[in-house]
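The structure is given below, and queries will be raised subsequently.
Here the chain labels run A, B, C and D in written order, and each chain numbers its own residues starting at 1.
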Amino acid sequence: MPEMTSSVAAFVGGDGERSPALTLPAGVDLTAKLGRLTLKNPVTVASGTFGYGHEFHRFYDISQLGAVMVKGTTLHPRAGNKPPRVVETPAGMLNAIGLQNPGVDEVIRTELPWLVSVGATAIVNIAGHSVDEYGEIARRLDSVPGVAAIEINISCPNVDQGGMAFGVHCPSAAAVVSGVRRATKLPIITKLTPNVTDIGEVARAVVDAGSDMLSLINTLVGMVIDIERRRPVLGNTVGGLSGPAVRPVALKMVWDVARQVKVPIIGLGGIVTAPDAIQFLLAGASAVSIGTANFADPLAPLDVIEGIAAYLAAHGHRGVAEIVGAANPGFLGSRP
Amino acid sequence: MPEMTSSVAAFVGGDGERSPALTLPAGVDLTAKLGRLTLKNPVTVASGTFGYGHEFHRFYDISQLGAVMVKGTTLHPRAGNKPPRVVETPAGMLNAIGLQNPGVDEVIRTELPWLVSVGATAIVNIAGHSVDEYGEIARRLDSVPGVAAIEINISCPNVDQGGMAFGVHCPSAAAVVSGVRRATKLPIITKLTPNVTDIGEVARAVVDAGSDMLSLINTLVGMVIDIERRRPVLGNTVGGLSGPAVRPVALKMVWDVARQVKVPIIGLGGIVTAPDAIQFLLAGASAVSIGTANFADPLAPLDVIEGIAAYLAAHGHRGVAEIVGAANPGFLGSRP
Amino acid sequence: MPYIGRATVTAKREFARNMVSITIQCPAVAQESLPGQFVQVRAWPGPGTAADPLLDRPLSVAGVDKQKGTFELLVRVVGRGTRLLASVPVGETIRVTGPLGRGFLEAAGAAGPSILVGGGVGLAPLKFLAEVLTAGGHEVLSLVGARNAAELPPPGELAGKVQVATDDGSAGFHGTVVALLEQMLTMVVFRSGRVPAPVVYACGPTPMLRALKASATLLGLPVYLSLEERMACGIGACRGCAVRQVGPKMAAGEVKMVRVCHEGPVFAAGEVDLDA
Amino acid sequence: MPYIGRATVTAKREFARNMVSITIQCPAVAQESLPGQFVQVRAWPGPGTAADPLLDRPLSVAGVDKQKGTFELLVRVVGRGTRLLASVPVGETIRVTGPLGRGFLEAAGAAGPSILVGGGVGLAPLKFLAEVLTAGGHEVLSLVGARNAAELPPPGELAGKVQVATDDGSAGFHGTVVALLEQMLTMVVFRSGRVPAPVVYACGPTPMLRALKASATLLGLPVYLSLEERMACGIGACRGCAVRQVGPKMAAGEVKMVRVCHEGPVFAAGEVDLDA
């Protein structure tokens, strides 16, 4: 049964092997226009899952990506939380890295120049303990070459102060965004937390405060307990749930937000394959991010880019924008 | 390699085969005391995943369960939502059944007597469109033989009016509970939705309103899009996410609520195995419910009961209560 | 009581393109199954050890050998569950729950001359039905549709008379199996004025069933359909597979749902709403 | 650049109780691997087709055959990932990423007379190290600990001199491998006054490493440890496996994290905090 054998092979040892270069169909323009931010293609990689890109650049040329959202960057260096920091869960994982990063000045000094040197489009994800701190980080990044946009992380569940605390209430979320808005002319993406009763409300608040775009979702708060030691597995007790497990929740939130704001949305949460990504585009996201999937399959973003292109070609579309929001009757954003 | 073969066998074709009767170690008392509600053991089955028990009684004697939470019951019969009503997701599923049920009078007339006749402990899950309707259903159930408790479902994401709308705000949640409290002397369990910013706040509100116990979590709202048809897979557009995927989120919420209220908690969300269930007990749940796992392994609750008993025996405990909250330093409930 | 537990794969062969016949040793299912009933199958770890795919997959019983205690599945590989099942090596065990649901002859009430109409995997339950009907001495005509010749079952696989139809005309009638039925019914059955009229049993994609329901109703033949609906439990508990009951038996304004996995999968065509 | 792609399982054998040796055809990994480096392995579908288990599993390279282009893993079956790996039939492919991380000799800077201390799966990288060291003409003494005789590797599996210790005394020294080391060091090495002093390389459970760090530091020997930490990416991207750097090189108040998967898994004992 030769055909059976080939259909079976894909099931042992993970998904397929692929070349580190992209193969794209002719006649499809993958350019993603997100307001005044234009990306080569709609596939970006999510903050915290890609470091500053070095590790993945060993496997493929990361300038092929729509953008690299770098690890959450703070004003001062942070060591992060105590181990264990990660634990696997059904179709997902919890992380409580705690924003380990070398601080914004070091990122400006070494990481951003390197990203520029390899031709990558860099978006800097920032996190602070106070409205002022967010503003200060943004100010330092404002005129740095190679920063395409700032992504405001008001949704990190793994730090004591700040982080998600800002993102669950409209007034504080809006205050952070206004502060950053005053500090920079760069395009601002605000990254929303799913740990709220009504994400649409927060979305509207941060757009009103001047956010040019939104990205969603960050992680859901979760935990795992070690039943032999009778204590949480993570050193930080709780962590953020990500990966395929959360995809239906993320998609629903993108769907909702796309009906309530007109700004471009970057959709993420559990995307592994092109069909996953296409669901988010059809729901109303103008671009997507690949997060946890990078850990399970470092080449996943390349498959997603190619798969989106193939889907567009197969359905006779010439550009990505043609399918953005196409499954969502209430989509508010603009389409060509 | 004979040992390898045996360790490998468990991986093809699902988890093990088992007898429909329980094998329990001597010297372990599984009784679960939830205030004035006493259950044979702490393992119940979740509303909506067990019908009224008939289907599972073909496979094993359901009187062996701690309790059966019957399908969400409304004042009048409901046909439920249009198909498709279920779709699989990574390590989970979405459902949008829409509370298909024959109405409270029919449940009283046929289902409850049957449950009594087989010796099952029945808890009736109720859902209404208004505070009055919840009260009326509770009133009709109040003096019916064989109703061990009422579980108030203010967390169903799959109905247009009522359902989850009540559960996401403290005042409406409290109003439903007060109404039911006035209508019945039966123990009241309030089932909380995870789709909120602060579940502890809702928990405190419903306990203040007279809920004897809490159960959590109901499903997370989610969706899946069919990328070929470009529309949501579910007839109802959105559905409730359940199964192992949500377990870390559920556990974290049980952990939080157990630090904020003193009443007994029934923990659920993605429990499949005894180690999963024990995590919830250690976090502070006095009992657990098995939901979606019943679909993937109809005998799962029996494995969970046996596994909890074996764990207690192996660790020298004589009763379940000894481990309730044992991993949670802030546990507020009482332990012997 | 349906069986639940392990069962061993004893043989596999390619039945048609992308469709595998799998023989499974399981005396309980072999003894009890009736044509049109199905089993829930899990051919991968879990749910405790690995939770994705989470749910079992429903598959019709395509035949039984009561002597040997085996039954057959005809599986079209369409996604990850069916692919994992097709990849189980002979000799390994899978988990089986069943037989489940109500079969063709239980729905119809009696056996007699029959026309079986099947497309794609709809073949599976019809193969079993053809066997049981011919063994009972009833006349059987099977109309088998496929996209092309490669997807057709090999000749001789189905008991009784068989006519085939392909979408591309690469074998048999050029067109749908329903069009073939229409042609045959007007030409053969009615011209012969035969009594009793044959019963039509069908299984296949919903659009095919809809078309069939329309034509056969027109011709006044009793039609029984095996439906497919997305399932979670497969045993009647979740109400996930419910379809709306329709027809003369229903009171005005009455809404009644039936479960494909429990009251079905076989229903009289007039009994269920295929348009939801 | 580490290899990423499929590789074929060419042999399997039971190495010790519950521990399997798996040989994998993968010339890139066979050529490039150094003792102490590891690979990330996925021996099940996904992540796209099935997402549970989600993450690859890190496993040390236990030996290479550059001629044949194969490398060896020694896998203790402790959970679902290792069990799925152990169940892959010979001839099937798995996905391999590697080699990854920094090995023993890169951490130490030079090869010389060595004492290898391993418990449980800690054996895997030490087997490779012993081979490379003896092939380089260096004296090697391996101290292998296990709970009991059945869990010990068969004699002759490790190059160089081997001494064993079991917790239950069913073979060799009765006690921990660290206690055995203490006894040997005071008795043999120091009494002989040999120069240069041997380097100690160790891999095993953290409590063992902690005990070893304490005793060896006491005796003034250089010690290199291969650490294990829960990993998500295994390639340095997620910062999930970070441990705190300590020691004289650090400025007062300075906090620096190192990644077990990238700066490690081998570190000088004095360089990392084992107590977090």
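We take it that a residue touches a chain if its C-beta (ideal position, glycine included) is under 8 Å from a C-beta of that chain, and two chains touch if they have at least 3 such contacts.
On a predicted model such as this, the values are computed, not experimentally measured, just so you know.
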{"item": "Separation of chain D from chain C in steps, with touching chains one step apart", "value": "1"}
{"item": "Chain A and chain C, separation of their C-alpha mean positions in angstrom", "value": "45"}
{"item": "Whole-Å gap separating chain A and chain D, where each centre is the average of the chain's CA atoms", "value": "35"}
{"item": "Rounded Å distance, chain A centre to chain B centre (Cα mean)", "value": "34"}
{"item": "Multi-chain contact sites of chain D, meaning residues that touch two or more partners", "value": "44-46, 49-53, 80, 84"}
{"item": "Interface hub residues of chain B, defined as touching at least two other chains", "value": "10-11, 89-92, 243-245"}
{"item": "Pairwise touch network: line, ring, star, complete, or other", "value": "complete"}
{"item": "Partner chain B, residues of chain A touching it in the complex", "value": "89-92, 94, 168-169, 195-197, 220-225, 227, 230-232, 238-239, 241, 243-249, 251-252, 255, 270, 275, 278-279, 282-283, 311, 326-327"}
{"item": "Complex contacts: residues of chain D adjacent to chain B", "value": "12-14, 17-18, 20, 51-52, 77, 80, 83-84, 86-87"}
{"item": "Chain C-facing residues of chain A, complex", "value": "1, 3-4, 7-8, 10-11, 90-91, 244"}
{"item": "Chain D partner contacts - residues on chain A that touch it in the complex", "value": "9-15, 17, 48-51, 54-56, 58-59, 71, 77, 79-80, 82-93, 95, 97, 100, 235, 243-245, 272-273, 276, 292-300, 303"}
{"item": "Residue ranges of chain D touching chain A (in the complex, touch as defined)", "value": "1-2, 4-6, 42-56, 88, 92-95, 97, 229-244, 255-257, 262, 276"}
